[in-house]
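Before anything else, here is the set of structures, which you'll find just below.
In the two complexes below, subunit A is the common chain; its partner is subunit B in one and subunit C in the other.
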Partner chain A sequence: MDYSILLAQAVLNGLVIGAMYMLMAVGFTLVFGIMRVVNFAHGEFYMLGAFTGFFTYVYWEIPFVVCLIIAASTVGILGMLVERTLIQPFRADEMSGMIATLAISVIIQNGAVLLWGPVPRAMPDIVTGTLAIGPFNFPWSRLVVIAAAALIFACFWLFMQRTRLGRAMRAVAQDTETALIQGIRVNYIYPLAFGMSVALAALAGALMGPVFSVSPFVGATPMLKAFVVVILGGLGSVPGAVVGGLMLGMIESFTATAFGSLVSDILQLLLVILILLVRPAGLLGQREA
Partner chain B sequence: MHGPRPPAIDQDEPRIAARRRWLPAAVIVTLLALALILPQLTTNQFYVHLANLMLLNSIFAISLGLIASVGQISLGHAAFVAAGAYISALAALSFKLPPLLGIVLAGLVTGLAAVALGKILLRLRGVYFVLVTFLAGQVFTLVALNWESVTHGANGLLGIPAISIFGFPLSTRLRFYYFALAAFILVITFVWALMRSQYGRAFRSIAENIRLAESSGIDVSHYQIVAFALGSGIAGAAGAATVHYIRFLSPDSFTFNDSIAYITMLVVGGRHTLIGGVLGAAFLTPLPELLRGFVGAQHIIYGAILLGVLLFIPNGLVSIGSSLWRKSSGTEEPK
Partner chain C sequence: MRGFLKVALLSTACAALSFPAAAQTLKLGVLATLSGAGTAWGIAMQGAAELAAEDVNSKGGLEVGGKKYKVEVVAYDDHYKAADALTAFNRMVFDDNIKFVVGPLGSAPALALLPVSTENKVITMTMAFTPKALSADYKYSFRPVIPSDVFSDPQIKWVVQKLGAKRIGGLFPNDESGQQVGAANEAAYQAVGAKFVAKEFFERERVDFVPLLTRVLAQNIDAFELNGNAPQTAGLLVKQLRELGFKGPIIRTGGDATADILKVAGKEATENVYVHQPINTDAPAIQEYTRRFEAKYKMPLNAFSPFFYANVQMVFAAMQKAGTVTDSDKVREAMLGLKDFETVLGKVNWIGEAQWKSNQQLDAPFYVALLKGGAAQVVAKCTPKLCE
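Presenting the complex of A and B:
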């Protein structure tokens, strides 16, 4: 067995799942940072994105980029509606808000089972062929996922740093009351941020559709990993989510290659519990007041 | 003739006070009598089974409520239930330990484990505690799946014996019903007495304002550990009792979904009162059966009820009852 090929495989796989975890975790942490809501339904929006991508790509046979846009916008709008009607009433109460997202998750997941059935569906690859660099062969289908995730994150980052709306969101995350005094309409920021967060989850879902299969239950694992990543990087920290996501992807890929995926999962969870206990604010996070 | 004292208070006070004294007692006696007699009147084993599950779920919800009463929500409660179930089931299968002792052992071990875990985990508060208990619960399920030499992995443990009291096996649903009823009464009386003691007062003050409690000299971490250990221990013992009733155990028997179910019961019933968990369990346990006609939509309706209660009755079903009670007695209920 050639170790360098095995190693390259592991790195590539780590980057692919790391990119997905990153997109999941960035959205998750955004909502927590701005709204103080732990969104247990985050994985279900990933699942909805995966299904939207699947149906538009397989049945309508349109370019995958368009599928991604459709997935992000439909799920994003749905997320805004959900925030406005079901999460906003619990703004003052973290616990009730969290339990509400649990209920939303149950409803969405079982709704999907009702509509589309529990059987996983395979989605064809968007591109075929491999990229050969020296002795290594990298399938394009995986490389595309990494590139797309990087591009999506770059857009998100520019939006947050360079636009008025992005600055307003960061202001609300830092201090809601002061943001209000500055004339930022928090009531608009909340649904927007939630919509954007779940749109990112939907993009992750649509991108990963061809890598894994598509079923109503695909959201559970990415959500669990988003938790892990966000704790690694610090709840509410976007750079933490990026670093944590890529790191977790790598850790997972290498430990799964070495010990098998179940042991890898247990190790990850234990690592995170340890970090929570030693550094509750996460590796890159700042201590909360 | 009697001077200027306001007559309204003079006349009403003794009547209301007397009513306060006998009404709860009468309600409890009636309920108890009904609970003892009703199962004898039905021949439908399924109703008895539902009643058993209701009683067990009530215990789970009450024990979670005990942890919630110090202001912490555990999303890993089912892990303690499962741990208790595994302890008692394995002790019975491998060492022929009588289930009754197994239940006590399960309660003790899970309670002590909760003391050790609580010392570490309870340093986290609010959302962080929720997340860490969620993750710990996931670790438990994964370990149970993976540790095949002990737990038999996903195949589960078969042939777990029924509880037997002095050689009298509780092998039918009806026999187990009376055991579960006794256990339920024991637990609810214990928690009721605890909440009226100095501990209960400390718990409530911590839930209400943790910093104020701390600066008033209440040892917050001590009381939180006590509540966590008692709640987890009760859950472990009840999990053991459940497994000797269902007589099958796998890593899927008690999972994250069950943790959510217990929280749902607590929230729907009313998370700030003792009766809340019981009401929630009584309302939600038979619900999937009533919704059998809507195959597939059951869980959706379940989730919708949870959302509806959160939105419109934030203090749970129990708050409807207590507002009625206030109206009928014409006074504010003492907190």
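Presenting the complex of A and C:
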């Protein structure tokens, strides 16, 4: 295998993994930015999205796009309910809120094991075959993930920039009290932001289901990586999550291809320590006042 | 409501009556991976214990020394991790007072808990392939499955000669099991003139192997070895290898993972895959066991399961012979005395003295199969010496 093929393959792998990390981290950082809550259950919503995608696609045999919409909306609504009932009571207390999300994570994961069993389920590919460009072969199943993630992020970005609701969310993230003075109903924004955040995680889960597999434990790794990404990009920063996600995906792919998996894991975590030491607010994050 | 109460009372009475009033409980432990990538093996072990228990319980219990014992299976999840396995095993030994355990599953968990099982005289039936799982020091460690250092040499020799493969690549989990299997595999391939040109290790939680496979494929391998990987992981590896355009033969020398490989990778990707097949799926006793297992657990049978079922049957027979369900020394002696014991696998014996200084390895024939059109076809029958 010559170096150009190796390089192209590493770029594609990096983009696929980076796209997943980006979707996970954007939602994760959104909730922190707006609500100041570190949502430890974020990975479990990814898992719920993967299962929703799996059941709707395999048993109902409906188009995958519809499965994605169902996954995002059901998990999003569930997220709003969770915020309203379990997170809102701890709004004034960040630490209790975090512990609440940790408890939610355990409840959802164990509930999934009870309901669906621990055995991983294989999800059939949405598309099969490879795209051959000269000597390069790219599996369609992975290219679709990149395209879908880019589209989902574009929709999310437009929503945040161009709609009143998106602007309201950004206003709450910047300064809750000023937003309140401007007449923004913060009590509506919080559940909405939480629902949207977990809907993004669900979309990532449903997209990655066919590439890997679906089990109650699939949320753990993306959750851990989302942490790494927001440290890289800056906690609370959406552009930071995008840059951090893609960057981590690329670093992971290139270092694993060049040096193997063990060195790759060491390098990623070294990078996190380095960023924390040199730029604690992250690459695009802002230092708290 | 009254009707419901009547039914409830009646069913409780029936359950109570199905065991004689004097029936006592015999606890049989299961320590295996019941979540994550190794679940197929864990359920195979749990299923073996539960089906064997069902056999004796349906006859009113296991009769030992004039008393009837109802067999109760107590299963704990080791998450395929040594620390978790040791915690669960301590609970089994010290809280539940269990003396007979189906498990541990992996080599790392086995090595962690064997000193405890030896000290407390607990008979274990392990799936650990490490050569260290059997030794003169571990008097109570039995192994019903045929490990790779018994089957890999004849099988690798047969496959390499048939395929003419010279350059081999493989990925292995980064723990005791993976390191052990990787080293044994490399030596076995070298012994028959092939070379392991790419060998990588990864953490068990990993599901995206594409970067590592890209690295392996860059070495222009002729064949890929799946040994040492959990069933689900083996399936993902096959799927991702084919996605990367690798069309060469893929060899599964390690434990049975055929059902999962087919399920995860699909029919098309699994052409040209050679697998180790511990059982003959055409044998009527195996077919009957498969039917029972699949009806109860709603998942395809993992071929390791009948080995544990056979071993539990031997434990029960040994208890009856020794006249005790508590003295594991006597049960051990009685079990080692069983010759040509008729099981679901056919007649089995104990071997291993020459290799591990412990005659506690089950001896049964094994097979090589080729996956074709989504099914395994036996292409060679093997003994520890040769496949043909």
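We adopt the following convention: the second predicted complex is superposed on the first by the 288 of 289 C-alpha atoms of A that agree within 3 Å, B and C clash if a C-alpha of one lies under 4 Å from a C-alpha of the other, contacts with A are read in each partner's own complex, and residues count from 1 in each chain.
Keep this in mind: a contact is a pair of C-beta atoms (placed from the backbone, for glycine too) under 8 Å apart; a residue touches a chain by one contact, two chains touch by 3 or more.
Bear in mind that the values here come from a model prediction, so they are computed numbers and not experimental data.
Student: Name the contact category of A:17: first (subunit B only), second (subunit C only), both, or neither.
Tutor: Touch status of A:17: second partner only.
Student: Where does A:221 make contact in the superposed view: on subunit B (first), on subunit C (second), on both, or on neither?
Tutor: second
Student: Just subunit B (first), just subunit C (second), both, or neither: which does A:253 touch?
Tutor: In the superposed model, A:253 contacts subunit C only, not subunit B.
Student: Does the superposition put A:113 against subunit B (first), subunit C (second), both, or neither?
Tutor: Touch status of A:113: both partners.
Student: Once chain A of both complexes is superposed, is A:263 in touch with subunit B (first), subunit C (second), both, or neither?
Tutor: first
Student: Under the contact definition given at the top, report the residues of subunit A touching subunit B in one complex and subunit C in the other.
Tutor: Residues 113, 262, 265, which sit in both footprints.
Student: Mind listing the subunit C positions that touch subunit A in their complex?
Tutor: 34-37, 39-40, 43, 174, 200-203, 205-208, 210-212, 214-215, 217-218, 220, 232, 235-236, 243-245, 263-266, 268, 299
Student: With touch defined as at the start, can you tell me which subunit B residues reach subunit A in the complex?
Tutor: Touching subunit A: residues 73, 120-121, 123-124, 126-128, 130-132, 134-136, 138-139, 142-143, 145-146, 260, 263-264, 267, 296-300, 302-304, 306-307, 310-311, 314 of subunit B.
Student: Over in the complex, which subunit A residues touch subunit B? Could you list them?
Tutor: Residues in contact with subunit B: 32, 36, 38, 86, 89-90, 93-96, 98-100, 102-107, 109-111, 113-114, 224, 227-228, 231, 235, 262-263, 265-266, 269-270, 272-273, 276-277, 280.
Student: Show which residues of subunit A lie in contact with subunit C when the two form their complex.
Tutor: Listed in rising order, the residues of subunit A that touch subunit C are 1, 6, 9-10, 13, 16-17, 113, 118-120, 122, 124-125, 128, 130, 137, 139, 141-142, 211-213, 215-218, 220-221, 252-254, 256-258, 260-262, 264-265.
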